[in-house]
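A quick write-up on the structure given underneath.
Chains: A, B, C, D, E, F, G, H, I and J, in written order; residue numbering restarts at 1 for each.
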Amino acid sequence: MLYLVRMDVRLPADMPPAQAAEIKSREKAYSQSLQRDGRWPHLWRVAGEYANYSVFDVEGHDELHELLSSLPLFPYMDIDVTPLARHPSAIA
Amino acid sequence: MLYLVRMDVRLPADMPPAQAAEIKSREKAYSQSLQRDGRWPHLWRVAGEYANYSVFDVEGHDELHELLSSLPLFPYMDIDVTPLARHPSAIA
Amino acid sequence: MLYLVRMDVRLPADMPPAQAAEIKSREKAYSQSLQRDGRWPHLWRVAGEYANYSVFDVEGHDELHELLSSLPLFPYMDIDVTPLARHPSAIA
Amino acid sequence: MLYLVRMDVRLPADMPPAQAAEIKSREKAYSQSLQRDGRWPHLWRVAGEYANYSVFDVEGHDELHELLSSLPLFPYMDIDVTPLARHPSAIA
Amino acid sequence: MLYLVRMDVRLPADMPPAQAAEIKSREKAYSQSLQRDGRWPHLWRVAGEYANYSVFDVEGHDELHELLSSLPLFPYMDIDVTPLARHPSAIA
Amino acid sequence: MLYLVRMDVRLPADMPPAQAAEIKSREKAYSQSLQRDGRWPHLWRVAGEYANYSVFDVEGHDELHELLSSLPLFPYMDIDVTPLARHPSAIA
Amino acid sequence: MLYLVRMDVRLPADMPPAQAAEIKSREKAYSQSLQRDGRWPHLWRVAGEYANYSVFDVEGHDELHELLSSLPLFPYMDIDVTPLARHPSAIA
Amino acid sequence: MLYLVRMDVRLPADMPPAQAAEIKSREKAYSQSLQRDGRWPHLWRVAGEYANYSVFDVEGHDELHELLSSLPLFPYMDIDVTPLARHPSAIA
Amino acid sequence: MLYLVRMDVRLPADMPPAQAAEIKSREKAYSQSLQRDGRWPHLWRVAGEYANYSVFDVEGHDELHELLSSLPLFPYMDIDVTPLARHPSAIA
Amino acid sequence: MLYLVRMDVRLPADMPPAQAAEIKSREKAYSQSLQRDGRWPHLWRVAGEYANYSVFDVEGHDELHELLSSLPLFPYMDIDVTPLARHPSAIA
């Protein structure tokens, strides 16, 4: 099932740069492993903002929450989830 | 270039059913022609709402506006546009 | 899978009472059939408002949308959907 | 009487992990004791967020406030309460 | 139990004055009967607006909803309900 | 004249408990003295939140501001004021 | 006592021009009589909007509500009231 | 002086097409005369919406209001005005 | 030209009292000098809040920004500006 | 392609003045280089606020994001982007 997810990153202004870099590095690796196994098929940057729109393709709500809450940046993000159904006019 | 577009349909309560059906029929045909030529690569229903999230792949703002404002349902929709940039962690 | 759904009913002020009564009657019958087959396990009135909070238990987003968009009151409701995952502290 | 309650947890970014773990441990024990005695019949995770939707079944407003303000996470949560009345179409 | 209730009246602009007067007359009589029996202890006008703040003292959510949904103006009002608990510093 | 006032308390997470206790103690004493002299006739807890709704009965805006800005918790509260006029249907 | 009042006019699109002109004419006469007797000391147009910011100087909430609810445009306006107290740095 | 102005057009759904066309035609002529005399230096379409962002260069608030309230579409628009000052980093 | 300005003061909870007192003292002196020379003709306290509504009478946007950004409290305030035009019904 | 961008600066209250000055100095130099090469054709101060409205003229979303995320103040700004299309009534 598909979910559209918007994530807005809010890193504390006083986080040491090395700590931020380490978190982002783990985030990237984790994100790319999910992209590779097909559960994170789309990842786009919101132009001009430290935010992304993503599409996840998972079994259901529990798996989605497991994936999102395991993101290294999870404690520093506002996350908004929209369940996506099939559209009657979609040809794909 | 990619744009995420959310469309919320608000048909007037007093629109005759035949008129609504005719508009929706033209909307569907128009939407499918854009999906087929590759400019409307994703079209999803927001679960539980008369709304969709779509991704458009067009030359730029002018083409996007031309496509959206030509939708038969355009006068009856609230539309929100988000420009999508490439994400540094995206593998695709 | 579980979904929390809030529905706010906005009937047009000029809808003839007989038409409103007929729609509400069909809504009640449809709602009760879904409650009986287990797909609409909770239905509560928001105290003081023409609105309800409901929990649906269905296969996924497509079935949820199918159920909600078939409600006789669907064209007259604002609907908000929240996917519910299992809580790690829940004992049930 | 039933109340729908949404709780959003906002732990300070600089809270020591041991302190956070201790608070969450007490929160879980307290929550489960209330679930066992029937006053907290539903506890769901909002998919993708550090938040929950809960249903409480208590004598009234005073008992609800007593329960919620005793939560170990209470100082770190935004809480929203909706009183739930019986719905005329509910069969349960 | 006490509930703070805000009601904002939105009469349709095209409602015939006689119909509006008749509804308001019934609203006033109904409101005063509830004030006299003690279930509507406070009724205040929001200065400058066609709105009121009220306090209701009833058995619970079901009775509150029964009273509010029986108001002749109910179909034309936005209503917001806040459950009020005893305050630890209150002397009354 | 009457004013409805909502106060939401936001104590800094890092305020020492002894300091918080001292402020709350002074707040309680001050609040009760105003309740006793009749200028703070109603004080209710918003169920589930660290917030209250109050009614003040004072000479006018200047006295209201003097009372509220003298609250020991004033620097840590969001305050919203609504002037209340006599309602034409009120019997009291 | 002083009140800052913002009024946003929302005339129905289908009001006959003669009726609108008649209401506006009465509004203007009424407004000017209140300006002349000193109870409406300031009346400004919000640049670019069919709206105004006004300052009223009246005995209290009841008189303010009496004046505002007597405005010929009252049924067609959104009104927001802010009570103004003396500022400790004001020299006037 | 410069003002940034956003205009959102909301034509009534039941306006006859000929009337809408006539208003839009007058709007276009009026807009272009102001663009030609230099008082409306920028006019952009918000991509995907029946809305525009404009920059006006006029003597002051009174002239701005005079221009905007004379727009044939003025009764059907939501307008938001932002006064623009010189930026200390601007080179133009 | 006239501008209505609302200022909401948000001093950091951990600012030393002596520093806060020094900033407020300079703010008061600066404000009174502008009041005396006629550029800050109205200054009112929003009853119950650490906020004010002010009217400024200056040459234009640049002078307004110069005055406001020179306020000692400027870094600690949320500021909202509304340009005021002459109202056709105003007699002053 | 053109983008309207609003930037609101939120510097932490405890940032050392020398650090703030250094960041602003780099921001100014970077901004002016982009203005000179034509990619940042308009930069205006929002009167009364630490904010600006800007127009960017770039190849597309990726270049816009590259420019904005390279701003020295980027980590301290809320940014809102609106894609601008050609308006059918524009003469330029």
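The definition used in the following text is that a contact is a pair of C-beta atoms (placed from the backbone, for glycine too) under 8 Å apart; a residue touches a chain by one contact, two chains touch by 3 or more.
Protein names from UniProt, one per chain: A, B, C, D, E, F, G, H, I, J = Muconolactone Delta-isomerase.
What you are looking at is a predicted structure, and each value in this text was computed from that prediction instead of being measured.
Number of steps on the shortest path from subunit E to subunit J, with steps defined by chain touch: 3.
Between subunit B and subunit G, the least number of touching-chain steps is 2. Chains compared, subunit D against subunit H: the Cα-based superposition rotates one onto the other by 180 degrees, nearest 5.
The distance from the centre of subunit B to the centre of subunit J, with each centre set as the mean of the Cα atoms, comes to 29 Å. Rounded to whole angstrom units, the spacing between the C-alpha centres of subunit C and subunit D is 23.
For the pair subunit F and subunit J, the distance between mean C-alpha positions equals 43 Å. Within subunit G, the positions touching two or more other chains are listed as 2-3, 45, 47-48, 61-62, 64-65, 81, 83-86.
In terms of inter-chain touching, the protein chains here follow a pattern that is not a line, ring, star or complete graph.
Under the contact rule stated at the top, the pairs of chains that touch are A-B, A-C, A-D, A-J, B-C, B-H, B-J, C-D, C-E, D-E, D-F, E-F, E-G, F-G, F-I, G-H, G-I, H-I, H-J, I-J. Put simply, subunit J touches subunit I in their complex at residues 11, 13-14, 45, 47-50.
Chain contact summary for the complex, subunit D toward subunit C: residues 2, 4, 27-28, 31-32, 35-36, 42-48, 52-53, 82-92. Remark: subunit H residues 1-3, 60-62, 64-65, 81, 83-86 touch subunit I in the complex.
By the touch criterion stated above, subunit C contacts subunit B in their complex at residues 3, 5, 12, 15, 61-62, 64-65, 68-69, 74-76, 79-81.
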